[in-house]
Amino acid sequence: MPAGELRYPSPLNSSATETPPDEEEVWAQIKTEARRDAESEPALASYLYSTILSHPSLERSLAFHLGNKLCSSTLLSTLLYDLFLNTISSDSALLAATVADLRAARARDPACVSFSHCLLNYKGFLACQAHRVSHKLWSQSRRPLALALHSRISDVFAVDIHPAAKIGKGILFDHATGVVIGETAVIGNNVSILHHVTLGGTGKACEDRHPKIGDGVLIGAGATILGNVKIGEGAKIGAGSVVLIDVPPRTTAVGNPARLVGGKEKPARHEECPGESMDHTSFISDWSDYII
Amino acid sequence: MPAGELRYPSPLNSSATETPPDEEEVWAQIKTEARRDAESEPALASYLYSTILSHPSLERSLAFHLGNKLCSSTLLSTLLYDLFLNTISSDSALLAATVADLRAARARDPACVSFSHCLLNYKGFLACQAHRVSHKLWSQSRRPLALALHSRISDVFAVDIHPAAKIGKGILFDHATGVVIGETAVIGNNVSILHHVTLGGTGKACEDRHPKIGDGVLIGAGATILGNVKIGEGAKIGAGSVVLIDVPPRTTAVGNPARLVGGKEKPARHEECPGESMDHTSFISDWSDYII
Amino acid sequence: MPAGELRYPSPLNSSATETPPDEEEVWAQIKTEARRDAESEPALASYLYSTILSHPSLERSLAFHLGNKLCSSTLLSTLLYDLFLNTISSDSALLAATVADLRAARARDPACVSFSHCLLNYKGFLACQAHRVSHKLWSQSRRPLALALHSRISDVFAVDIHPAAKIGKGILFDHATGVVIGETAVIGNNVSILHHVTLGGTGKACEDRHPKIGDGVLIGAGATILGNVKIGEGAKIGAGSVVLIDVPPRTTAVGNPARLVGGKEKPARHEECPGESMDHTSFISDWSDYII
Amino acid sequence: MPAGELRYPSPLNSSATETPPDEEEVWAQIKTEARRDAESEPALASYLYSTILSHPSLERSLAFHLGNKLCSSTLLSTLLYDLFLNTISSDSALLAATVADLRAARARDPACVSFSHCLLNYKGFLACQAHRVSHKLWSQSRRPLALALHSRISDVFAVDIHPAAKIGKGILFDHATGVVIGETAVIGNNVSILHHVTLGGTGKACEDRHPKIGDGVLIGAGATILGNVKIGEGAKIGAGSVVLIDVPPRTTAVGNPARLVGGKEKPARHEECPGESMDHTSFISDWSDYII
Amino acid sequence: MPAGELRYPSPLNSSATETPPDEEEVWAQIKTEARRDAESEPALASYLYSTILSHPSLERSLAFHLGNKLCSSTLLSTLLYDLFLNTISSDSALLAATVADLRAARARDPACVSFSHCLLNYKGFLACQAHRVSHKLWSQSRRPLALALHSRISDVFAVDIHPAAKIGKGILFDHATGVVIGETAVIGNNVSILHHVTLGGTGKACEDRHPKIGDGVLIGAGATILGNVKIGEGAKIGAGSVVLIDVPPRTTAVGNPARLVGGKEKPARHEECPGESMDHTSFISDWSDYII
Amino acid sequence: MPAGELRYPSPLNSSATETPPDEEEVWAQIKTEARRDAESEPALASYLYSTILSHPSLERSLAFHLGNKLCSSTLLSTLLYDLFLNTISSDSALLAATVADLRAARARDPACVSFSHCLLNYKGFLACQAHRVSHKLWSQSRRPLALALHSRISDVFAVDIHPAAKIGKGILFDHATGVVIGETAVIGNNVSILHHVTLGGTGKACEDRHPKIGDGVLIGAGATILGNVKIGEGAKIGAGSVVLIDVPPRTTAVGNPARLVGGKEKPARHEECPGESMDHTSFISDWSDYII
């Protein structure tokens, strides 16, 4: 239904036309927030200064924070800081994606009280930024290093994203613990993914074997999507669903195994972009006949 | 059915009438256990002395242990130790809840061999005690600090409890990895929650949007409860269930989407308190007709 | 069907007859890989030397790596290194199982690019090796130490395997985050277990209350198997399934609650060993009638 | 010459009558300085907040700073923080001496730009405060702990003061590296001691065998004073001197072996208090006849 | 004697005309040495890779090494690494001085087996490089940061050089423990200073009060030079001397108090440059008459 | 005077004939002391267990303690522990020398209250044991590793002993800060050396250029001995002396420059062994004529 697709606005771009996402603006806002919090909470001031307020730019703050979060006794913080800083500085798309992710968390998660809250505390946000660096390394054929970083992200955040996976921008990994995303997975822009979500493989050898997630998709907590299936733009996957089939754009799949709400032939279609509206439960009424 | 509710004993109080839960008694028992283990296992003695035996009280031992578990290179152990000690010391209800949780783990989990085993090793127990401190800070409007603590708990234990969530006492988070509890969730007393359980939101903005869990509820592994639904006192939620509706007291909900065992009209009701009996599988027979 | 069982080859042994699994050979291969990676990626060379190339044997490398991964401010790396090295050296079966696990990851996981990749980065592999040491300690009645190790594994890797659980060799814990395996669980050889899998108890006191997993079983992501049920040799459990009943050999159980594909009376049987083929999704067609 | 001794003012008291040494005043000044420095130097702000600005009192700041400076992998910062805080809080004389030492550094050392400079950076100051705590522990017969602390001070600051040594207040250990002070040494008030100074024993067994240093003494760099000798009030010991004999009040001893300037019979006497004036070199003219 | 001064070659320049001191050449040599050592000693390879071989330039290697040596729990390695790297990169004179110091150690100290030996292990070399950074910060009026760095250098290396002190290039601090250099001291080029040497003040307030050391001077172990005295070019100060007077060029001062060898009127003069020849003991014969 | 030399007993051997120095006996005594201290001081128990009581032998305890003391972020404790343990275990003479040093400290230093006090806290003792390991590595041509260890010892303990220096047994380095011992120095048995002592070179290239110290020598604090001079058996060097000449057996040298007490022609000779009697000040009377 091409008309539908035309009507479907790329959410980030639309907001972008209103207020251009400006890294400087977000960074200035983060510093203002951190300064306010440092003043009201002396016990946290040292942390806020070391992590945010002592840095001249968002990329340095992020590189410092990730370096300290992901370091270990055998992968030193200085090495990781250098690696993050050099990689982020080398490709402006990385920081643009970071800013889009910050805006996504702020806009979609009612529990996200500020940009600095997300930057400091959201393991999904941090894992995603670290993944972008490991993905860049992977694309530069620095695979052992990309995989070492992958391993640290999985240890520290319990978020396991293969370095080869392609992830768009404006992404919200909410709560994030237990997310697993396989090697050939692709995720579009403005997607929201809850914790314990798996974009897994079929177990067959090295070909393209993981899901492709369209723009604006919302995937509920604990959903498992397996195989090289296509989740269409603006689709919604219910919490706990096990999805083994393609899901058309702007439809909802629920259950184990997942079925399309409204039926395979004429599935119900929604107009809003669930990846942004974050409406996890609108399909409850659709399920009412299963509640015996 | 109010009569039922009257008949429903508060499990902790009932046991309390037999042997009053006494912090001193539990602390003395913990020290005895630790001393015995230090003698039998010299390799562990240093750990037992630093964590338990060198401390004059349970709150100091707990503050030390949490401070060392949750510290990072930018949030130092001394700062966290101070924060935990001062907060726990400032409100006797916190330590009382700690003791009730220790008794809950000991009574309900057959794998829990001693109080000290729980104090030292149970990430669910430790995450819950740290949450109580972050919740206290939240209620004192020290929100940036509460959220920083929240983030550390989620990183270190993979247990993600929003600081605003209200949690009763006598709680067992068994295994605990992957538990996610949202901002407006409320959990009663004597509840047992297995790992990978989500008490999630509906994604709609800031109002009351998370589950309310009554006293004595048991929630099985991987269950996902979404929205401002009410899980009645003594109810049981089967493992892997996706619950989007209210569950009446002392009934059992299972499946994805969850249905009441026995049917919506006349659900089967149980007398025992599943939050304490921890009977996860009594509904197997109820499911037998689904097993084709 | 005993004939079937006779025909069912022990996968490791069969491959063993072709190329004998030799610890020396694997260790030599690991050093070759690490040397190659150190040369191509100087940023990683320090890590590769400290973790692999400076060690004279696989057990020392593994003991060093686990000691550094699992240490904390109160359980020092030197203590853990000593403990791992002494325990692994004391029982040659431990290292043989390590090598079988390395071969399993390499053979079954298309994302596993080398033995050293697995040794360094696979939290499932590392958690399993550390579990084997804690299990050995448990069997020597050094239970407080076994439980302290158990706790560190659960904190660091988000993999929670009770020290008493018995685990065979040639095991692949893929992704591994969120795996929970209870005290009386038993896992055979050549089993593959995805992340978020629970082998849980029934909550009833101390008797034998956890699943028994046969050789060659494949358990999909997020599957929950509860109680003292028997998953027969070569069976396959679909992702997200909740299994409360025995599953016969070489059959497939899917869904919540899980049903046998093909029906309880005459379930479909497969010839291949899913624990090795890792075919997670062959049952999609079997489910097609559930997709409305 | 008792008249001389009467005329000799206790320097601290005299200044005290002008501006009473007030811990609150010094602490307020320290916070003002740290706040100013944090504003002008963001790279240092985290350090200043963690060490000074996040603390409600000087004793907590000092306990935190010493705990972090002196901790090791086997003597944790939390343990030392607790020990320092409890000991300093238990005896108000300790903090009073700290404040007198801060004032001494500020008054006597032209390189000391602020109280916070001394509190943060002067190893002699920090070693002296830590010694006071180890001395308190020694006097409480907690000798193994006092000696462990002694060892950490010697390792970290290269300042070796036996826990039993008695030290007054208003002390300046300038530069401090290499200072060694033996078990039965006694140091009065308002003494200034440069680096590499030894107050050593005679090597004979356990009796009183170390120097006694009077009020207001100045001991130059590298001076070695051995045996139970008495260095009189207001005396001055030249740099590099080796002193094996009593030195009368307000005289100067120089050389190896040390001789009294002006001769043993009628040594030259000075009026000022060298421990406060810090005039190291006034005896140059006295030595002119040795310069060939 | 100006003719003498004309004849006195600047040692570094003279050698420079033969083989120009080239940072690239020295860095290439360091990497060759480190690669050779990493191959012959696997236990050290990780250290050599992290500290030298993983870095693209000498300044990065040095910044990394100093950052890790001087960091503490409150001054993180990432912060110091950044500070060292940015400062060294901002002024090419700093790295040129580093290279001159490396050449000095290699040329003058028979125990210095390679450039990498000095870079990795010489506390005098490392303290001097860190001092140059703190001096640069001081000259930029970043005094609190300069003093914090000063304090770390004094704690870690037991080398106490005030950030304001001016130090030339081609400097060898041999052994270095206990060196103290005051605020207004100035040290020329090609100077060699042994351990325990003090360039101290007179204790009088803030004016110019510390020694001025000419080019090519050699100061023996434990020498104490006090006050704003001038040690002339190519002079030699005997071990253990206490110098309170000017020492003319190319003369030798020995003893406590120091006298000129040969007498004040016609002191013996030497032709060689003792700062480079490192002849500590040529004055033995001059002292023979003191040996009774 | 050869008769004198014949009469001069090797102090350790003589005591050895009375009570044979038994490693087991000393280790048993250390454990008894540590157990007593752990009981009386819970705050120290963790340290005592980790460092002493959890180890089955003195070499393991020592290797653990040195590994933790000398490790850094780039030289990990596990690597050093391994290195110390393997080296000490490979040559029984090393542990025998350790035990002789422990007995020496206990016998000669009145401030040494127990063997465990020395083992845990004496930086001179610890530096000496670590030196023995670095010397062993040096003698095995593992020079880069020996020098890295040398550097760590100098950083951590401010004791700088070149790995090539040969040191006997029954050595007491008292206080030890600032000791510097050059490459070709040789130290006999039963020597006592105070802090700030230098056994330095002449600065001339690589030949034999450092002092040779005979058995039973006592070297006072701050003494500087330079060049390939011979300090005869049982000689005593006064504190602060600068020695550039041979000192005959059982004589005393004092002063800067050092002279023999009693005169060069017929120096006073003592019968006792000053390295054991530790009589630092018996020469005071000899100096009385210098005290003007």
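Just so it is clear, A, B, C, D, E and F label the chains in written order, and each chain counts residues from 1 on its own.
We adopt the following convention: a contact is a pair of C-beta atoms (placed from the backbone, for glycine too) under 8 Å apart; a residue touches a chain by one contact, two chains touch by 3 or more.
Given the structure is predicted, the values throughout are model-derived calculations rather than measurements.
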* Structure fact -> Every chain in contact with both chain C and chain D is listed here as A, B, E, F
* To do: Nearest 5 degrees is plenty: how much rotation brings the CA atoms of chain E onto those of chain F?
  => 120
* Asked: Since chain B and chain C are copies that touch, is their contact same (over half of the numbers shared) or different (under half)?
  -> different
* **Contact-pair overlap exceeding half with A-C, pair selected from C-D, B-D or E-F** => E-F
* **Distance between chain centroids, defined by C-alpha means - chain A, chain E (Å)** => 52
* To do: Mind checking the centre-to-centre distance between chain A and chain D? Centres are C-alpha means, answer in whole Å.
  => 57
* Structure fact -> Taking each chain's centre as the mean of its CA atoms, chain A sits from chain F at a distance in Å of 61
* Asked: Taking each residue of chain A in turn, which ones touch at least two of the other chains?
  -> 43, 46-47, 50, 54, 68, 73-74, 76-77, 79, 158, 177-178, 196, 222, 240-241, 256
* What does chain B use to touch chain E in their complex? -> 73-74, 76
* Asked: In their complex, what parts of chain C are in touch with chain B?
  -> 72-75, 79, 83, 142-145, 147-148, 150-151, 154-155, 158, 160, 162, 177-178, 180, 182-183, 196, 198, 200-206, 209, 222, 224, 226-227, 240-242, 244-245, 256-260, 263-264
* Asked: What residues on chain E touch chain F, complex-wise?
  -> 37, 40-41, 43-44, 46-48, 50-51, 68-69, 71, 77, 108, 110-111, 113, 117, 120-123, 156-158, 175, 177-178, 194-196, 218, 220-222, 238-241, 254-256, 277-281, 284, 287, 290-292
* Asked: Mind pulling up the chain E residues that touch chain C in the complex?
  -> 38, 42-43, 45-47, 49-50, 53-54
* To do: Could you pull out which chain E residues touch chain A in their complex?
  => 46, 50, 54, 64, 67-68, 74, 76-79, 81-82
